[in-house]
Structure formats: C-alpha cells, structure tokens
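There are two complexes below, and they share chain A, which is joined by chain B in the first and by chain C in the second.
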Partner chain A sequence: MFKSISSRRDFIKKMAKLSAITAAVSMFPGILFADEQEAGLPEGNFDWKKGPCRFCGVGCGILVGVDNGKAVAVKGDPNSSVNKGLLCVKGYHQTMCVQSSDRLTHALVKKNGSYVKTPLNEALDIVANKMKETIAQHGKDSVAMYTSGQSTIPEGYVASKLMKGAIGTNNLDCNARLCMASAVAGFLTTFGADEPMGCYEDIDHADYFITWGNNMAEMHPVLFSRMLEQKNKRGAKIIDFATRTSRSSTASNKSILFEPQTDLAVANAICYEIINNGWMNRKFVEDHINFSKGLTKMGYGTEDNYKFKDKPTKINFEDYKNFLEDYTPEKVSKYSKVSVKDIKYLAAIYGDPNKKVVSYWCMGMNQHTRGTWINNLVYNIHLLTGKISQPGNGPFSLTGQPSACGTAREVGTFTHKLPKGVVMNEKHRKLAAKIWKVPYERIPAKPTYHATEMFRAVDRGDIKFIWTQVTNPLVSLPKTSRYRPGMEKDSCFVVVSDVFPTPTSDVADVILPASWHIEKSGIYGNSERRTQHWDKMVEGPGETTPDAWMTIEVAKRMGYGELFPYSEENHVEEIYEEYTQFHEGAKHGMAPLEVLKKESGAIWPYVNGKSTQWRFNSKYDPACDNDKDFHFYGKPDGKAVIWQRPYEPAAESPDSEYPFWLNTGRVIEHWHTGSMTRRIPVLHKAMPNAYVEFHPEDATSLGIRDGENVKVSSRRGHCILPASINKRGLPTKGQVFVPFFDENMLINDVTLDAFCPISKEPDYKKCAVKVEKA
Partner chain B sequence: MPIKSYLAHPEEGKKEELIKAISQIKQCEVIPAENKNVLVVITETEDETQEIILTKKLESIQSLKLLALVSGFNSPKNN
Partner chain C sequence: MKRLGIISLFVLLFIAFIAVWNYSYFEGQEEAYIPVEEEQSIAVIPSETGVFKRSDYALDYADMPVDKAHQRTLDTYYNNRAFHGAPPSIPHPIDEMQNIGENSCLKCHENGGFVEKFGAYTPVAPHPELVNCKQCHVEQQKQTLFKTGTYARLRAPEVGNNNALLTSPPVIPHQTQLRENCLSCHAGPSAPVEIRVSHPERINCRQCHVPSTNELIEITAFTRKQ
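On to the complex of A and B.
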C-alpha cells in the first residue's frame, strides 16, 4: 500500500509528541497542554487492531497499528470506557519490547551445564516425560505449576485442568498470591463473593476518593488521570493516606501519613467516630449486616509448614461497639502518628450522608501480614455508612496484573480454587469433574502449597518438578536469598516458559519460548470485572508458541489427550466456551465471545445482554432476589459481615540493630520485575536502575549523599543501590523505599517472607533493615 | 531523519525565555505546559550529525535547566 513520506513523518512526529506529553502527564499529574492532549493521533495507513493493554490491572483498551505484519504504533482505544483513549507511558510503548535482540525464540534445554537450542516438539517431549517420570517415582504431589495474573483466561484454565482434573494434584498456585490474595480473602470473608461490587464509572460520581496506601499516579495512572479530571471539573477531592509521600500525595488535595501497619488501628478509629457521632446508617446495618470476630495473634507464617484456620464467631453490635473503645482517635493517634484532627477528618468524610466516597487500594493493603483484616476493616467503614454498591460510593480493590481477576481469581489458579468455588467443597468438585469429564474423586479436596510454601517445598526437596509460566519468581518472591539457591538445587527439575531470559530462566532445565501478548489470541479480566478479548495481531518469531497450547501439548504427551480436544487454530474460543459453563447464571454469567469480539470488553455478571455495573444493589443487579434494596447474595442469609479485627504489630519492626523500615514497590516506568519494560529503550532510559529513597534528615545523619552507593541489609540478605534523596518519593523518617524492578539490584534478597495467615499473601512493605555506605 | 521528543525543564522563572529561545530554532517545535514548569520539545533533523549539533545547541541555552529525552524515532528519507 502506498504511504506518502510526508504523512508517515507527520505520524511519527505526532507519536513523538504524544510520548513526551504522556511522560509529562505521568511526571506532573494534572499538567495541561491545552489542545494538544485532545488532538490525539491521525489514523495513518495502518491496520488498527483492538485489545487490552498488556500491563496493569486497569485494563485499558488499546489499538495496535500493524504495518506489514509488524506492530508499529499503539494508541488508546477511544471506544473503551476504561481509558477513553488515554494511555500511560508504559501503554504507549508496550510493543517495543518484542523487538528485543535477546528474545527467546526457540526452546533451550540444559545439557552438561549449557543451554542447547532444541526443536520445540523435542523440548515438550522432555517436559512431559520428566513430569510423568517424577509422578511415577514420587507421587502426583511432587510436581507443581506456578502461573500468573498475566496468564490469559485460556492459559490459566488449561493449567488448572491439567493439574487438578487430569493429574489430580492441587499443586497449582500463581503470582497473584503475591499481589491480591488478601483482597480475595477480604471479599470472601465480608461478602462471600470475590471482586469489587462497583466499577470505574464510580469515578464520575464520587465526591471524595480516599486512597489507602496506594500510589495511583504511578501504578494506575489512567484511573488517577480520570480522578484528576473530576477534581478539576467538579471539585471532587482526593485524600492520600499512605506511609510515603509520592506523586499521588502531591497531586491530592490532602496527604495523611501513617506509621507502617497502623492502618488497622486508624480504620477502627474511623468506625469508632462514625458510630459515636451518630453517622452510622442504622437502617442499612439492621437490614444487611451481621457482626463477627475471628482468631487473633495468628502468627506470621515465617516458619515452614505453617498452618492457620480462622474460627469465625458471631458477635452483636454492642460487642463490636465495646471493642472499638480501644480505638478512640486519641489512643490511635499516639502510635499511628496520624493526628486526632486527621482521623476525625477522615471519619467525617465517610460519615457525611451527603458525600459520595470511593476508597481505593492495591498493594499497600494487600501485601500486609494482616492483609485480610485491613480489607475487612475498610469494608466495615463502607458497610456502617451504607456507602456501597452505588454509583460513586464503594470500596474498590484495584489489581496489579492484567488478568489477576480474570484468570487467577475467576478461573482459579490458586491451590484451593476451582473455576467455580473451592476444592474443599464437594459440590464444586463435582461440577468441575462434570465439565472436565473426569472422575470427581480425582480432584483432591485439600489445598496444598500457596506460593511462598511452594518455593519452600522446592527448597526442602518436596517438590521435584516445577513449571513456571508468565512470571519471574526469582525477582518477585520475598526472601529470594532462600528461594534462588532452592531452585538451583538438582533435586528439582525446573521448566520456565517466558518471552525473555530472566533470573528465573537462568536456573531452568528447560526454557520454553512463549508468544507475547499480541502474538496470540487471548482473554483477560480487569479490576472492574471486565472481560476483554483480542485476536492475534502479529506472528511471533521462531518457534514461539502460546502458553495454553504448550500446556495442551504436554497434556497430550502425558496421555490426557481426550481431556484437551482443542484445535491449535481455535483453542482460545473453544476453551472459553467450555470455561463459561462454570459461571452460568445471574451471579457470574460471562459475556458470549461474539460480544467480546465486537465490544471493548463486558462486565460480568453479564445478564440478558447487559453488563452489571453495581453488584448487590437491586436497582442494577438482576441477581438480587430478596425484595430489598440490597442483597449480599454471596452469603447464605444475604447479609454482609462487619468484622471485629484488632491492630497487631508487623512481623518485624525496626530495632537497634536494624533501625529502618524497608518498604518496596513499583515505579511508573516499569512493569513489575522489569523483564519487558527494561527492554523498551524509552522506559529503560527514563529509569535505568533501582535506588534507595531516604528522608533527607536520615540521609544527613548518616552522612549519605544523593547518588552514593548504599548497602541495605536485613537478617536475610543485602542489596547495594544508589541513594535517592528528595527525588521521586519521600519516605517518612526512619523508613527507606526501594523499587523491585531491577534484577541487578535484588531487593527481595532483603525482604521477609512473612504473610497474612488467612490469605497467605506476603508483606513486602514492612521489614527491618540497616543502611550504611557501601 | 531522526525525530525526537524531549521534556525541557527551565531554570526557575525562565520558562518564557526558554520558550522563546527554542522557538527560534527551525528544527524544533515547542509545546509549553500551561500550568507546570516544563515544555515538550520535538526535534526533526536531517541525520544524526545534525541531531548531535542541535542537541548541543539546545543544551547551551542559559535558561534550560535539564533536557530529558523521551522518545526517538528514525524515519529514513525514502521510507
């Protein structure tokens, strides 16, 4: 097709302009460039194909410009109600990583200590034979799969079917355990049903956005831009409640800082204020709420084979009110370092019946040794005031990965999960067995290893074969100083399926070359329950193959062919048709594939051709059938639960030997462990390496200057990084912050593998370290 | 024919001076932020040598505090 040079150059120029404007928007939330932001991009002569973004859980719609079989441009999908044409700096540049020179294009098999390029069929034979041989010698619980919240729905589904339905082991878990297991446990304990009840349209209605330990300006920039638009347009207010001053704090109306772990106490103090000032919505509480308490002093899971099971006990409102006496603003202020005035200010916002409030959170609340509790406590605030399941009112747990909801949570790639329900429930096992056409006795009723315990089992030698897909655990797990040597042991055969080499593929016995996002068809599910489909857009290089198809090929080689009767060309569609049988009905019905192909996603429950935007509210949700205004139908009696959960300290706190808190997290330029974004030149140049942020007064007292190398050590290990003072973020005094994207500066060698005993999600935000000049 | 985009950060109080200085360079297009102390600069040059010369010229502007590259595209003349 003819393309004029002038129009192509004009297009490229516009792309360059847009990249710079996007970078500026990321760096200066609220920045305005007059008409330039509105102008967008010309159509060009490209074939624009729709899909969801590869990166975070927001699930922005993208349009990928394909020219001569190559992805040459990305723009926001103006038809997507998620992002309305806007993207962040990672989104615009995402396809650039596929051209990386070190792309894994063929299978590699380790022979005599070196990797040998091997035909894919041969490599898959080795994987299947090794898996069969290991099961024959050591039993089915000696093999494991560890997948991802970036796996597509079909990829997660066939992994679950292979492990639980075909082999008959629950040794399947995923990296979403590291990011939102506490959100799941919070939803299930409070509502009996997972995932947020609201949707992103809440942003257009709320008067207040309260972010709990959530740097949305960097982690969910498109949603944050939507919030800023409402701030500028309608005067909506953003309150940032966090342990570190970030770009979100500076763009908010108010920043309130708290001492790590004391969010538990502040949430209870807010509830104390709501009740004692008469701001409770009595009618809502009487009609829709039960009160419960659970076990306390649960421990932190730092020891191998740690077990915990909560024992819920019903309590009444008076019991709960008495419990809150320990959480007056005056008492809580003393250890949370939040002023009494600010606690009362937060409570007054939630308590004002004329103000609509949305609470947002992500890793700050989820990666927490009491992650389930703090999720429960924020729900308590919304339930006491009845500010839930209505446009502009609700608690909203955000996810970090593009299909943490769609795949990890809905397909259920956790040890305890099935595509519908849990392995412990006989009815759920029977449904899975029926759809999978396997004897139901084959699906074990007992969960086995959650992520942290799975890698401990590898280290102990209990797991002798592990296959990781779409994830990089040797950068992302806590306490990698233990799990890297564990994975290097000869006792475990390691298969890594990935797009690029990573520190995890460095320890593999077999490396499988995976197709990247747009090189395959797929389906993701985002944070607002939106399911999004895309068609393959470009051919992948060499023998790259979709993970779902590699799993199916291994299953066939292991003798399970009749359970995986899918065709290579249409396996995504065929698997989705089978999978949606699990969710039939008004409570979780999924949109048909033809709808997903046509539209920029649909929100489940998809009932009578319509997305359900606000669950549990009878005005919007056809599944409500209790003849009341709200119906929390996840619980047998239709009532949500307000939980009595106390403040308990972190697993490890600063002391005289290790006097600083270590907080870890992400930066806007990089996606998680950086395996993709560090291969995108623009992003890599913008943020080439990790760093350790100091409060300037701490840096002065330690004699540390900006840029100087600093050794950060804990009881587990150490990491050397340049100091960052007064740059991107500002930790409170006594705290340091390190981003975890840099495989050359592995901060997770330093972190602690303590986790929430209920959700089993590790706490990456709190451990004790010392810092010294390197 | 390289096309590049930059974020140009002016010295304190010298935003207008910087806009004026960059606007006078014919290979540059400048888009100032309306409410923040930063400018987007798009450059378009004939080849890499011209690009290096232009970058040096930009960096020598007194009112410029920092020039940060955001993206670079190379569009061959005969493409």
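On to the complex of A and C.
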C-alpha cells in the first residue's frame, strides 16, 4: 500500500480495490470515478507515507503523498480502523499550510524592540542562559513551561523530565487544561483511571447515540460520518442534546435544547427516572458501585490564588435516592427549559435494557465551571444502568487535540502529573526518579500553577520566564484581555516555539522555529487510547527543528546533558523506549515501536500482542482479576463511584446590564486558533473570518441585520464581529455564539476565566455579554 | 371689557395659528431623507438550511445502477439556464397551465424518476417547499427572439479543477442559495454525469467539500492584523 504508485489513474484503481469505503461503491463500478470525472487530473509519481492527522483528537490515519521531497497530496488511510479511508476537509488539505509565506524558518530574538534573525544555536544559548539565570536569581518556581495536547509523546516527555526531573519544579502545564482537564478529573473521581473504557468500534454496535453539548458533525466529523452511516444502514438514532442548533442537530433524529448549565439538573433527572421506574441494573450496582458525595458551593476560581480540594464522603443508595427527589422531571423542566416529555424520553432510552447507548461529549461538558460534576453525572447514568464497557454501550469522552490523551494525559504534562501517577504520591515520584535517574527528593510533591493560574502568575510577576510550545495561549486562554498585557510586561521573559507567527509569538522575547508535523518523526495518542507513530516525511525549511530536540538542546546547555542522552536522528524512538517503562503491565502497557511502525496505531492496554478495546470488562480486558464480569480496577476496591452532584448556577449569568449568554466554539474549517488552517487557502476561503450568531428574534428586536458589524462586550472586554443570522448555527433565544479561531477578532478578550474548582478547566461556554451595533 | 377679552383671545389664537402654520409649512418643505449607511461587509457564510434534506434517500442513490443510455451532461444542465446560477427554464410542454406547481410539477420533480415520453430522468427540485414553481421557472414556448442582442453570461465553473491537492476533495465552486441540498443535483440518475457523486451515502457533504466562490466577495489569503 505504501509503495510508489505511478499515476493517478493507477492510484484510483488501487484505492478502489483496497479501500474499505470504496469497496462498497465498487459493486457499482459505473458510479465510481466515471471517465468524465477523471479527465483533467494531473499525473503524479509519489510515495505514500502513513501517519496520524495533525488536527483533532479523533486521530484519523492519513497517507501523505510525497513527490520530490514535497508533500503534494493527502488521503485517508484505508488501513486505519478509525477513519477507514475517509477524512474531513481540514485533514485533506493539512499539508498546504507549510508552504505559507510567513513560515517561521529561523530563530528570532528581540533586540531593542525589533526581531533579529539569529542562528538557532545562539538563540538556544540565550534561552538556556536566561532560564539558568532566572532560577539562580528567583528560584526554581520562577520559570515555567506551557506545552500542548498537540506536542508529541517525546516532546511532552522531555518537557516533563526537564522541568520536574532536572530542574525540580512543577511549573509545567499545558493547553489540554483548557480542554480535557474536566474529563480527566471525571474519570479519576468515578473510575480512578483516566481515558475512555470503550473505543470507536462502539459506533458499529450502538442503537442510540446521545451527544451532550457536542457538535460532532463539525468537530469530530469523521466519527459523525460513521454514526450517519449506521443511522442510514441500521436505523441507529442520533439524539442531540445541546444549547444551540448546529449542523449536528439538523442531521440528528432528534434535537433537544436546554438552558446553559442545566445539563447538571437534566442528568440528575434522568437518574431519578431510571431509579423510580425500576430501570436500574440492581445486580450491576450491587457488585460494582460505591456512592459518594463531595463538597458543594465550591466557587468559580475567578480570584487569583484560588484553592479548592474536594472532600469525598461515602453515602448509601438511600441517601442518593433522597437527593434525587429534588430532580424530578417536573422540577427540572422549569429551569432547564427541557420538556418533561423530553427528559422522560432520554431516561427511557438509557433505561431500556434492550437498547445499546453511547453518550458522546467534548467541550460542552468539559469547559464547564462544574465540568468534573457533569462528567460524573453522565457516568452515573451509564453506571446505574450497567451500560458501560461493552461494544455499543458506554460513555465516551472525546478529545479535541491529536495527543491530548497520548501526551498531556498519559505522559502527564500537567503540574500535578508524572508519566505514571501524580506528584503528590511518593511511590509515583520514586518510580519517576528511578527511570529518570534523578534523586527523588528533587521532584516536588506539591503541584504549582494550572494553566489559568500560570498566566495570572505571569501577570503578577511571580513567573519570570515562560516557554510555550505548540500552542497559542493569547488566542486560546479565557480573558486574554488580562493575559496579553500580562505577557507583554518586562517582568517575564517569553520564549515561544511555533511554526507560524501568532499573537503569542508577537509578545515573545525569543521565537524558536519549530518543525511541523510531517517534518519530524513523532507519536500521538488519540481519544480511543490509540497510539500512532509516524516517520519524518519531508525536510523542514531553514533552521526549523523538532520541539523535543530544542528542549533537549536547552537541557544540555543548562548542564543536564547526562539526563538526556538521546541522539538527534533517533531521539523519538529512544525516548519512547524509556517512556514505556512507566506504563508496563496489563493496565496500561504500550504497544512496542515495531508494532506502531507497521500498523495504523494500537490501543493500550496492549497486552500479549493485542489491543484492549473495552477496558474493565473481563471478556476483553486481561487486567480484570476479580472473577466477575466487570472490574473497575482503577479504584482500590474495584468499584466505580456514583457521585451525588447537585445543580449549581453558572459563574456569570445574563442580567439586565449584560442580557445575553455568550457561547464560544469552533467551525469545521478551522482548527482551534486557526494558526495552521487559516494558512490553507481552501479553508480560509470557506471561512474567512469569525462572526457572531444570533437567534433571528433577538436580531430583529435589536435591529441587527445579517452581515452587519456588532460589538459584543462583557465586563472583561469587547470584540467587533459581523452578525450571522440563520447561517451555520442557530443559538437559542438569549444566547449568542462566536467561533474563537480568528486572531483578528479575539472573542476571548470577552470570555470569563472562571473554572471548575476540581479540574481547573475554564468555562468558555457561558458568560454574560451585551450586544450593540458597532 | 368682555368684548375686548374675546377679541384679544381670538387675536392670540390667530397669531398662534399663523406661527404653527408657518412652522409646519417649513417643516413640510424639508425633503424626505433617510441617511444612507455605509455598506457593511457581506456575510459569506452560506446557510445550512436543508443540507440534510434528502439524506434519507442516500442509500437508495448509492444502490441505483447507472443508466448510461440516459445520462444528463453538464452541458445540457447549463444550456437550460440563461446564465450560471439562473433558474432553469421548463424544457418540456406542460398541460396544467392553471396550476402553480404544487400539485403538478412536484409530482415528478419532488423525487424524480424516468419519464418514457422524454426519454430522460426527472431532475429533483432542491427546494420543494417553494411551490410556486412558475414564479421563477418558465416555459420556452419559442426558440426565436423578439430582438437579438449581446447577452453577457456569468461563466459556469468547470469540473476537474476544483481540488487544491491531487487527492483532496473538490471545493463547492458555486453559490448554494436555494441549492443548499447537495444530493438533489449531485446524486441519482438525473444528476449530470460529470458532477454525480460517487459516494452519496456520506450525506454530510460539507465535512469534506467546503464553499469557495468569489461571486459574492473576493477572498484573498489570510492576513494578520498587526
């Protein structure tokens, strides 16, 4: 398959034979690529090289066509069980961004207010010296690194080793804090083990897909296309439960809208119905479940140095049942604006023992000031009914970044994390110290700054040096109206590694030129625990260098060379071999490199040469050893937890002065802050700028016409965007929606930096704004 | 005294009348004027209404064998329109002249099918909810013209040059207003052969094919605002 194929015509013929999708169509040969459609296609002569897609957490397999050292084509990898040969518009055009005219090809150092092109060696000297100097003057905790769920596994690993193992500070966090932290906290509190128990194959078995605040048609398009296929072929049903009518809603069998934040109450109401109608799976609950409650009225973290620690208390089933009395469908319907009928409808689907149900969610539930709670509450539904860890049955937390799981969560580039376990745990620190060959006392036992607090510390002047890699915080942080001036201050030395100039690199003192995706080798881990490797496919321009290697070079210059004994050519492999020692065993074993090189990814736990598709189910998971059907071995007693979590209002709700909810999100054409996708002509032309979506009735009462410029302002800042009425999406009345990809229209100047007190993940979906004609 | 009071009241009223009349006369002189606001940027994000409308038939479309003898071509498709984007005319005689279309045109054009009489497959209406068909679609009763002239036509996009990379999916090279539903023209036996999709069962077309048209507004490369 990866051999050179001499012409487009041959390639199409081969693809027709090999690809899984086209197999179906090839039964009707007249339909596939009629001669008229083939006419005018250029001939090509190139190699196809495999890898994972650069963009979202779905982790599609791609094949990149390389011709004379240039990437000239991309197609879906038909061997990948994730996407079976299909991609989305971003995936198909991804390699085009590297040809952008403003590519960062050399290191830039700020001298007297302007950037001077500098040899990379000198720039790395400056970074290392500055870091050493800052530590000497202000202590270890005055330097920080902020990395990414798009960092490869080796990149995350060396960053963690440098900060925690070599320097000895926990000042390492990543942008996955803004996207996956609530999912992690949800998994850890309910199951004691991170990441979904199921896999994408669930789609082929489920009868119902219930999406919670999740526009999969645009954000996880390839998975959604698999769902649509099942909908048409098997009659599977998609139910969209959301605060905005999106492309997904219109493609679904049913769309149910709710008032922002009340998903907490509706989830509890579903549990109330399940218990009161006798739909609970008693045997499953008796065998596998504990009940707990935690602290309530936790606050929202909007103040600096906010601290919170949950205190779990065991409760019994009767306590839980009594608690649910406040969440009858009738009571919840009043403030959730979901009809009693719809709540009962949802509960009946979950409660029907003959129907297999998968729940999907992503940012709607994670970017939530009660993100951990709502994750817990959806697990409650699946645990009460025992619909979990089986093909076609289970809760599935989707990720937004290509290696949010592989790097941020598994390698652990959060302040509290280690490659295995957490810094608070002495055993985990000792294991890390042993593998890293450092004294274990060097790894501090106390976490320091999570993402939001890290940038507050920069603003306050507590952090004097920060190095960001593979991320663009000055577009993606909430309340950038505070953090941009914060990073511009002279008190902090800012190093930014990136591929393109961004609003973050605009405030840098040193800009390091990073290699893009296919210009280096790497390893990513996707949402379904699939680890995927790729080899370098093309040369990067100028002095561009892989992020992992730049981190290693700085570590060497700081005198930690003996901890980073890797070679420039093979560092990816060497680091992976070292890293996998952390996860040895049946619960998290990683596939060996030979397997990853050969196959289109493998799912961990990889045990005895086999991927584990459904964890905690003894039929599929060799780590289960309690002689029962299920074993939630993440918890010491092998039982998962049903949490009693109440409804609490959002941090900021609309009032007379700021009467609208502001919801932010993405569009299919652009990925996150658009630094890559906006440099791809096809995508930019399809979606050239951000906009603010209105409900038509709100637009009429404000006298706002489609396309007219509107000023959206909050207590934090404002942003001017063209209005969009009845176009891509339709927010509920009293709500406006703005995509955040556009650095020329920074909606995050407006958002609020309130976060979930347990996960510390900010809520980008809810704050109060006013709108007026600009 | 009393008479003087009455007279002065009338005099006062008269003066007031003169003043008010004068004021309103001059006000009336002012021309009606609505200030012309500067044109705002044009919204280029197309509507999504009806995108999934015919998706229930997608599997049928995929299963349909191709009737090579009766395929429509893109040439005939465009020749039936005054210019690219104009509503097609009705190329066949119609009997029910009094009907606006709801109960006549849609009988065939809602779902399509083969018509023996014309030896062709019926094209499917992308917007069957608009039932006054003849509001936009008219018959061609005659082939001659009242007066000849040079009529400039908007050029239609061509097939085969709309993909950015060798293997990447082609973009949508035309506007989609009133044609949001892709499958009605791009799938089934009436679809012009050059633009008939090989994979109608995929449904979510805009997952891979995104709009790119300069007809509304020229979009150039992304530029950073410094």
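Things worth noting here:
Note that in this section the second predicted complex is superposed on the first by the 730 of 774 C-alpha atoms of A that agree within 3 Å, B and C clash if a C-alpha of one lies under 4 Å from a C-alpha of the other, contacts with A are read in each partner's own complex, and residues count from 1 in each chain.
Note that in this section a residue touches a chain if its C-beta (ideal position, glycine included) is under 8 Å from a C-beta of that chain, and two chains touch if they have at least 3 such contacts.
In this text, all values refer to a predicted model and were calculated from it rather than measured experimentally.
Once the two complexes are overlaid on the shared chain, A:R728 sits against chain C while remaining clear of chain B.
Of the two partner chains placed by the overlay, chain B and chain C both lie in contact with A:V682. Contacts of A:N425 after superposition on the shared chain: neither chain B nor chain C is touched. Number of chain A residues touched is higher for C, counting chain B against chain C. Look at A:E229: by the touch rule set out above, it reaches chain C but stays clear of chain B.
Chain A uses residues 8, 21, 24, 28, 30-34, 36, 93, 681-682, 685-686 to touch chain B in one structure and chain C in the other. Only residues 5, 8-9, 12-13, 15-17, 19-21, 23-24, 27-28, 30-34, 36, 93, 681-682, 685-686 of chain A touch chain B when the two sit together in their complex.
Interface residues of chain B, counted against chain A in their complex, comprise 1, 3-7, 29, 31-36, 38, 40-42, 44, 68-73, 75, 77-79. Every residue of chain A that touches chain C in the complex is listed here, in rising order: 8, 11, 21-22, 24-25, 28, 30-34, 36-37, 39-42, 44, 65, 72-75, 86-89, 92-93, 95-96, 102, 217, 221-222, 224-225, 228-229, 232-233, 247, 250-251, 501, 506, 668-669, 674, 678-688, 691, 705-709, 722-724, 726-729, 743-744. Residues of chain C touching chain A in their complex: 40-49, 51-52, 55-56, 58-59, 62-66, 68, 159-161, 164-169, 171, 193-194, 196, 198-199, 201-204, 206-212, 219, 221-222, 224-226.
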